[in-house]
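First, the structure itself, so that you have it in front of you.
Chains here go by letter, A, B, C, D, E and F, matching the order in which they are written, and residues are numbered from 1 within each.
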Amino acid sequence: MDKKKLEALRKKYSNKQYHDVDDPEHKKAMLNADDMASGLATLLDAPFQESLKGLDIALIGIPFDSGVFHRTGARFGPRAIRDMSMSVGPFNHQTRISPFNLCNVADVGDVAPLHGFSLEEGIKTIEEYYHKVIDAGVVPVSAGGDHSVTYPIMKAVGREQAIGMIHIDAHCDTMGAAEDHKFHHGGPFRNAVLAGVLDPERCVQIGIRGSAEVFWEFSYESGMTVIPVQDFHEMGVKEVIAKTREVLGDGPTYITFDVDGLDPVYAPGTGTPEVGGLSTADAIQLLRGLRGLNFVGGDLVEVAPAYDATSNTAQVGKQMMFEILCLVAESKANN
Amino acid sequence: MDKKKLEALRKKYSNKQYHDVDDPEHKKAMLNADDMASGLATLLDAPFQESLKGLDIALIGIPFDSGVFHRTGARFGPRAIRDMSMSVGPFNHQTRISPFNLCNVADVGDVAPLHGFSLEEGIKTIEEYYHKVIDAGVVPVSAGGDHSVTYPIMKAVGREQAIGMIHIDAHCDTMGAAEDHKFHHGGPFRNAVLAGVLDPERCVQIGIRGSAEVFWEFSYESGMTVIPVQDFHEMGVKEVIAKTREVLGDGPTYITFDVDGLDPVYAPGTGTPEVGGLSTADAIQLLRGLRGLNFVGGDLVEVAPAYDATSNTAQVGKQMMFEILCLVAESKANN
Amino acid sequence: MDKKKLEALRKKYSNKQYHDVDDPEHKKAMLNADDMASGLATLLDAPFQESLKGLDIALIGIPFDSGVFHRTGARFGPRAIRDMSMSVGPFNHQTRISPFNLCNVADVGDVAPLHGFSLEEGIKTIEEYYHKVIDAGVVPVSAGGDHSVTYPIMKAVGREQAIGMIHIDAHCDTMGAAEDHKFHHGGPFRNAVLAGVLDPERCVQIGIRGSAEVFWEFSYESGMTVIPVQDFHEMGVKEVIAKTREVLGDGPTYITFDVDGLDPVYAPGTGTPEVGGLSTADAIQLLRGLRGLNFVGGDLVEVAPAYDATSNTAQVGKQMMFEILCLVAESKANN
Amino acid sequence: MDKKKLEALRKKYSNKQYHDVDDPEHKKAMLNADDMASGLATLLDAPFQESLKGLDIALIGIPFDSGVFHRTGARFGPRAIRDMSMSVGPFNHQTRISPFNLCNVADVGDVAPLHGFSLEEGIKTIEEYYHKVIDAGVVPVSAGGDHSVTYPIMKAVGREQAIGMIHIDAHCDTMGAAEDHKFHHGGPFRNAVLAGVLDPERCVQIGIRGSAEVFWEFSYESGMTVIPVQDFHEMGVKEVIAKTREVLGDGPTYITFDVDGLDPVYAPGTGTPEVGGLSTADAIQLLRGLRGLNFVGGDLVEVAPAYDATSNTAQVGKQMMFEILCLVAESKANN
Amino acid sequence: MDKKKLEALRKKYSNKQYHDVDDPEHKKAMLNADDMASGLATLLDAPFQESLKGLDIALIGIPFDSGVFHRTGARFGPRAIRDMSMSVGPFNHQTRISPFNLCNVADVGDVAPLHGFSLEEGIKTIEEYYHKVIDAGVVPVSAGGDHSVTYPIMKAVGREQAIGMIHIDAHCDTMGAAEDHKFHHGGPFRNAVLAGVLDPERCVQIGIRGSAEVFWEFSYESGMTVIPVQDFHEMGVKEVIAKTREVLGDGPTYITFDVDGLDPVYAPGTGTPEVGGLSTADAIQLLRGLRGLNFVGGDLVEVAPAYDATSNTAQVGKQMMFEILCLVAESKANN
Amino acid sequence: MDKKKLEALRKKYSNKQYHDVDDPEHKKAMLNADDMASGLATLLDAPFQESLKGLDIALIGIPFDSGVFHRTGARFGPRAIRDMSMSVGPFNHQTRISPFNLCNVADVGDVAPLHGFSLEEGIKTIEEYYHKVIDAGVVPVSAGGDHSVTYPIMKAVGREQAIGMIHIDAHCDTMGAAEDHKFHHGGPFRNAVLAGVLDPERCVQIGIRGSAEVFWEFSYESGMTVIPVQDFHEMGVKEVIAKTREVLGDGPTYITFDVDGLDPVYAPGTGTPEVGGLSTADAIQLLRGLRGLNFVGGDLVEVAPAYDATSNTAQVGKQMMFEILCLVAESKANN
């Protein structure tokens, strides 16, 4: 490098503090960042406020896991994501979205009181909570909890108009009742369709695999678009994005991300891991390719920290939830 | 050592295989031992048989944890204890009891089908199962599951005559209903007394501590003998044994051991750890001091392997369950 | 979705239980599934039977790890795979193979007695066991143990006719004797070729990498087809499948999968991890591309649970063993 | 039990909810408890308020660990204690103290901004913060951070009058400067004495052991009372309490608890573990024996969650911090 | 295989020991290998010598982590890499480089004395150490430590002529001062450019992602070539190699590898993990594609073993450090 | 404190560095300490020298675990103890022994070459190594390895005169042959007695418990003094010390410490944990009570780091080995 240029750099940069940057968008984004070891842990490091007042988007925890067949523990998912939110955002390096610059966003705490003694009561409590969120005109971005929580969310979000869905998961979650209990985490989307709040023809299910295939007849028969993981790899991310955008169109769209859609190496801390899933790089490129759709909410579910020895699942959970927030915030800001 | 004695030892021992021992009781005990790395995992390394036929004692797993307030996971307790049973027994080094020599004992599998969607339904399924065990004249020694499982066991075991109880735990578990659900793991002994199957005046609760004291009025009012952990240390094991024997007398006695009665360093893998509990050495001496009581069953509950990074909890669980089996087997053999 | 269609769905699905599915193949497959938290742990959740009678395929554990140079622990591999078999199969979502519908399959327990005091004695015990399996006309699918166990298996499986081999591994395992011990886990395939039971010209070794290259001269000189991991990535899965099918043709074929063929992120719990291996998605597509070959047995080796903090290795082990079972079962059913 | 008594119990208890207890003190204590899986994580489950206004006692986090020689990580101690505070208090089962009933207590967040680039700057930031706390008339109970944080706390707490100290630790922490840095975690009490804020003649150091003895000449020469761990065991808890009360008298007293005073099995997650320390049962009895002294503050330091695989250290940390809060709250309420 | 060939193989191989191989390069490489469980742990299993005399390349540990914002622990990186070096090299299976055959290489121990009380003093101590290494004509290959250590290394390595850099990382590390401290781990390359020892126009930064984008204006303005991770995937490894070779040309080149450049599943044990990074297979192919450049040193930084439950990070760290050693050794041998 | 005294302290201490202490013994001890994060890892932080020349005491690693029945892994015990030796000694706080001041002590590396393919060959290799140590007049203090290693050590140490033994363990280790293999880790002391190198009448076995009692007839018949763990607790440490001193007298005495003598909470990382053992505080007081006996060697065995999630076992192992070194060094210095 020639000396003159070096001198110019020295002059400009020798005494600059890290927050003293030229790009005004960068500067503004940094206002939302803070010290990584200190302070209360909140979802995506958002400010905490108990009331929904004045919010565009509410980040909500749902500490509930009474819908699982196998390994419980997702009730501690919101806590795990809060803890890992020490270092996330507030700026999206590729899309350049800074959600806190676009919308009023807060962590409003957890759905409560929620006990685990009855699946049906829990589902009811959650639904009642989300009706209040929708009443307030606030868009919900939620952290589960097991996947059973998405059905009562959809009951509220889709109450005026059946919504479409982008669904990343190892399982279709359109299974029937088990011992007459229908609200378990294997069936929320059958329930939502039958309740009239989810339009199966505007649903894409991505990453499907594992032995549960025997349970997914409802997905096919109702007209959902199922993209098993081997097709995902065959098609490539770009084609999957194109297909997804085509199915969803510009109608209201909800995005639900079960961390078990990822391969268990990225997300071991979950109830029903299935070998052979998406990589986080795939998932990030997929999510970033969905900008511009009409998002009315989203969630990230099934983080079970008791099985997360490396904390990778919580790391991944907070990152995917941040990507979802970026999509929803941009959508909200533009509508 | 003089040469002659050495020569005698050499003559006798130089070519002896490990199973070739003089003591006939030792020899017999060894017949029940096998290779530690191979074979199916069963409770206390007992033989497996699905039917109750011909058994004196049935070892039963109860994979159920819908009764907890806090950290779930005890549904995998039976599996964890089976896995650790590679090296346990079959001989009790201090009491010289070899339960498999005294009684016909088998692992009869798990209570099933058990789902986690409704606390009440689970409790009912368990109760029905244990009525069959009692019908068959078999004494149950069980591995939980959370502590809610002991109430339905007692419904069967105490159906003819209210039983007494030796209860090792950090908590009295005599709490009232939560949101109208009474069968949670904080209340089985209130329920059992009110159901007439447990005689509170023949109940000893040992190791009690922690902040839940505010919930235990029923223990005191109904006449249970409560020995908080500080009193346990003050009295010493021998006095606690004496007190316990005095309270129980020779009536039918059930023993229920919640691993959280132990200090969390011995049993971190549990739902509601409370700092400052019994040591395993204390607990073993306590149990071995209870020989000769009239035992009609027992259980070991609240092993939650997802929180058991060192596997110490499962190690301790299988050892305590073995000590309980020794007590019950000797009692059964003598009656 | 139009209302009529919704009504039709509601009519059909509103009260359907999960096991009530239309596809008869699905229905049949489900009969082999059971509750995920309860019951004894068996290999691939197969029924347990000690005798070989009436079986088409025996699932066999080999708790042996005296052949390793470095980190021991694979003697507990069979136990780890049994434990993780709570949720595997019984249906293969992509190939639609349901092995328990095609063949009589059982977990027949472990090769025993096996101690670890002498590599040579262990190898002999294993060989004797497998001769009995072959005598009974049963096809073995085994869970190791370290890779030294494959040599004595091949001694039995290839006793009538030298077999071909599909071998997924980080290492060629064709190394010479160490301090005059030849049966260690670095040399089974040199031994098998020299014993006349393995035809090197019908051998493919896939995923090879790491520093041990200096030891593999025998692979090259004997005519094995070696596909190092960088070539695997360069060629892509489809070309590797084609090459493998070409080398193996329709002769008798054995498949042996060392979990260290996978990258250590997928399989950290193994004795000799080598950075930079196959992904599980790659491996699954590879295995599923091998349908129709003439399989006479298979194994999954080198799961060492003591190094498997996340349990991912056991998860992957059970899945790959299931994929191998699917291949073998279909082959057995068609022959 | 006679039938009448049973009927009376049934009448009173059959429909009682868990919070419906007779003892008014119990009832009041429960108001401060909440659901264990939900909500933001705060120190000892206290309410969060950023300002010091109206408080009697402030719970303060100090995420700082630049004073250590060996294993860092105590900067995440406050977060770990917050997380484990899901289940602690609000009632002390033995002393029957309910600190939230006695005083206004809140988690006021963390000392900030604190970076780790300079030990000296960190110490200065902490001292400035605590002067504001003392200015506000608020008593601080803090969660470290490494032990270097206690010196700047004492600079504020002892600014009017030199204080006495009860110090539980494996190390005396009265070491000299290292490469001219004096504020490291091995020397806070030498510094505090020399600064005139700590009276060595009113200091008791309990649990001392390990090889660092070579560094403690200042403790002895300045007149501190040192009780090495072997003397602790020899004397017994009661005599240690008596000695401590004698040394401290009724002057202002600060209590500082380094978790490494406990044996590493109780507290593996710390920077400088020393084998052979206090048990938690010992420590709890010690603390509960100190009621009635004149406490002007306290802290719990050196929880380093990165080394806390079982989470036992955080469990113990929150319990000991709660015990300290009980002592301080009772003292504050009585003065 | 025909019998004759089999006989020939038998004749040659039946009694060959593993070290008795034909290829003389292989034989020589093996001289540097030893028993995997025994002996002192050294960097890349190199011989240990305290003096720099006679060396071509020194392997150096830098136990320093006072430059981090978030999770400390990289001070134990050198120890973790030494421990994992039981099984690494000495032969590179793909490139066939055997660095110990090409150069005199030794582990010379750690930069000492290094304390963590002052970032600035640590940086100075490191710089002084490396000036001595350069004075001795020895090429340094180092194991960090956090990334702040690379700036003082460059001060020595680039003291005669500004060097170019290949930089694999999630972060550009060209951030400004924080509270007036400039030497933290977020800014070494800004510092090095401004100090005139690093030529930004010969710098390539690969794998960049995460939210810190807001801090990297200096990279762009100074003329560094930044390849964010999404571009890396889009371009493919081969194009990235070509671009890198083009930027670096034949000038003196330093290679610095922050393990957080890899995805956290490969390297969870690091201070600032960022979801969505390179795979180890990608990284190995990238490094092996850089042969022939003019390497004057290299380092591998940010291994923090306290966060490395599976030890994968240390495994990966030692492998990447070995790949760097191969590049540097070949370059040194050819110049 | 009065002002004058404070001024005196200030004058003396304000600028003193940590190594500047008055006590000359302390000062000398510190010369052997060094920086805790840097440098090669050696046993007890001793200097490393490969030759035995000039040494009084050699610290020796024995990476061998082919003698175990159950969980292998003790071959990595020496490495684990080296790693934890960052912070141990060099001064014994209670006994004031500083072994490096009393004797020439070095880590001389590991017994090699040792492979695991044959128990008998390993035993022979170890015995040959120790004959050389004894030939050189050096006293061995060793780190196992499983307990089978003590027999070949004794073959050398006791070759001139049968020795006495202090043995801390959960098991007597006097079992017979297993499938004709006698040198396994359950039988070293039967072997040593029969070989005439160990005098059973001068043997004390402390901490015995667990189900293996059935195997210990040889201990009783040969005249060893067995102190089961319940007797240990009943007698108290002081009486156990007195009994031990009485049995050993002033003859040559070897001390062997199996970490499984401790309770598994202190030492989970071992092959055959037995619930209910000694605490580390007990063990330290026991060892320190044995000063003045005539020690001719010692060992610490059965640390298996793969089962040591918290690293407590390695922590404890290094501390107990240091205590043994103190005993041996004082004994050597006085003879």
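In this section, a contact is a pair of C-beta atoms (placed from the backbone, for glycine too) under 8 Å apart; a residue touches a chain by one contact, two chains touch by 3 or more.
Keep in mind that this is a model prediction, so the values were computed, not measured.
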Third chains touching both chain F and chain E: C, D
Shared touching partners of chain B and chain E are A, C, D, F
Looking only at residue numbers at the chain A/chain E interface, is the share used by both copies over half or under half? Answer same or different. different
Taking mean CA positions as centres, which chain lies farthest from chain A? F
From the mean C-alpha coordinate of chain A to that of chain D, what's the distance rounded to whole Å? 39
When the C-alpha atoms of chain D and chain F are each averaged to a single point, how far apart are the two points in Å? 36
Just how far, in Å, is the C-alpha centre of chain F from the one of chain A? 54
Go ahead and note the Å separation of the Cα centroids belonging to chain C and chain F. 43
By the touch rule stated above, which residues of chain A touch at least two different other chains? 37, 69, 75-76, 113, 115, 178-179, 265, 307, 309-310
Which chains touch, pair by pair? A-B, A-C, A-D, A-E, B-C, B-D, B-F, C-E, C-F, D-E, D-F, E-F
Residues of chain E touching chain D in their complex? 65-69, 71-73, 75-76, 113, 115-121, 178-179, 181, 183-184, 306-307, 309
Show me the residue ranges of chain D that touch chain A in the complex, using the header's touch definition. 34-35, 37-42, 48, 61, 63, 75-76, 78-79, 82-83, 107, 109-115
Partner chain A, residues of chain C touching it in the complex: 1, 5-6, 9-10, 13-23, 26-27, 29-30, 33, 36-37, 86-94, 265-266, 279-281, 284-285, 309-312, 315-316, 319
Would you tell me which residues of chain E are touching chain A in their complex? 69-70, 162, 175-180, 186-187, 190, 193-194, 196, 199-201, 208-215, 217-218, 221-223, 228-230, 233, 263-265, 268, 272-273, 275-277, 307-310
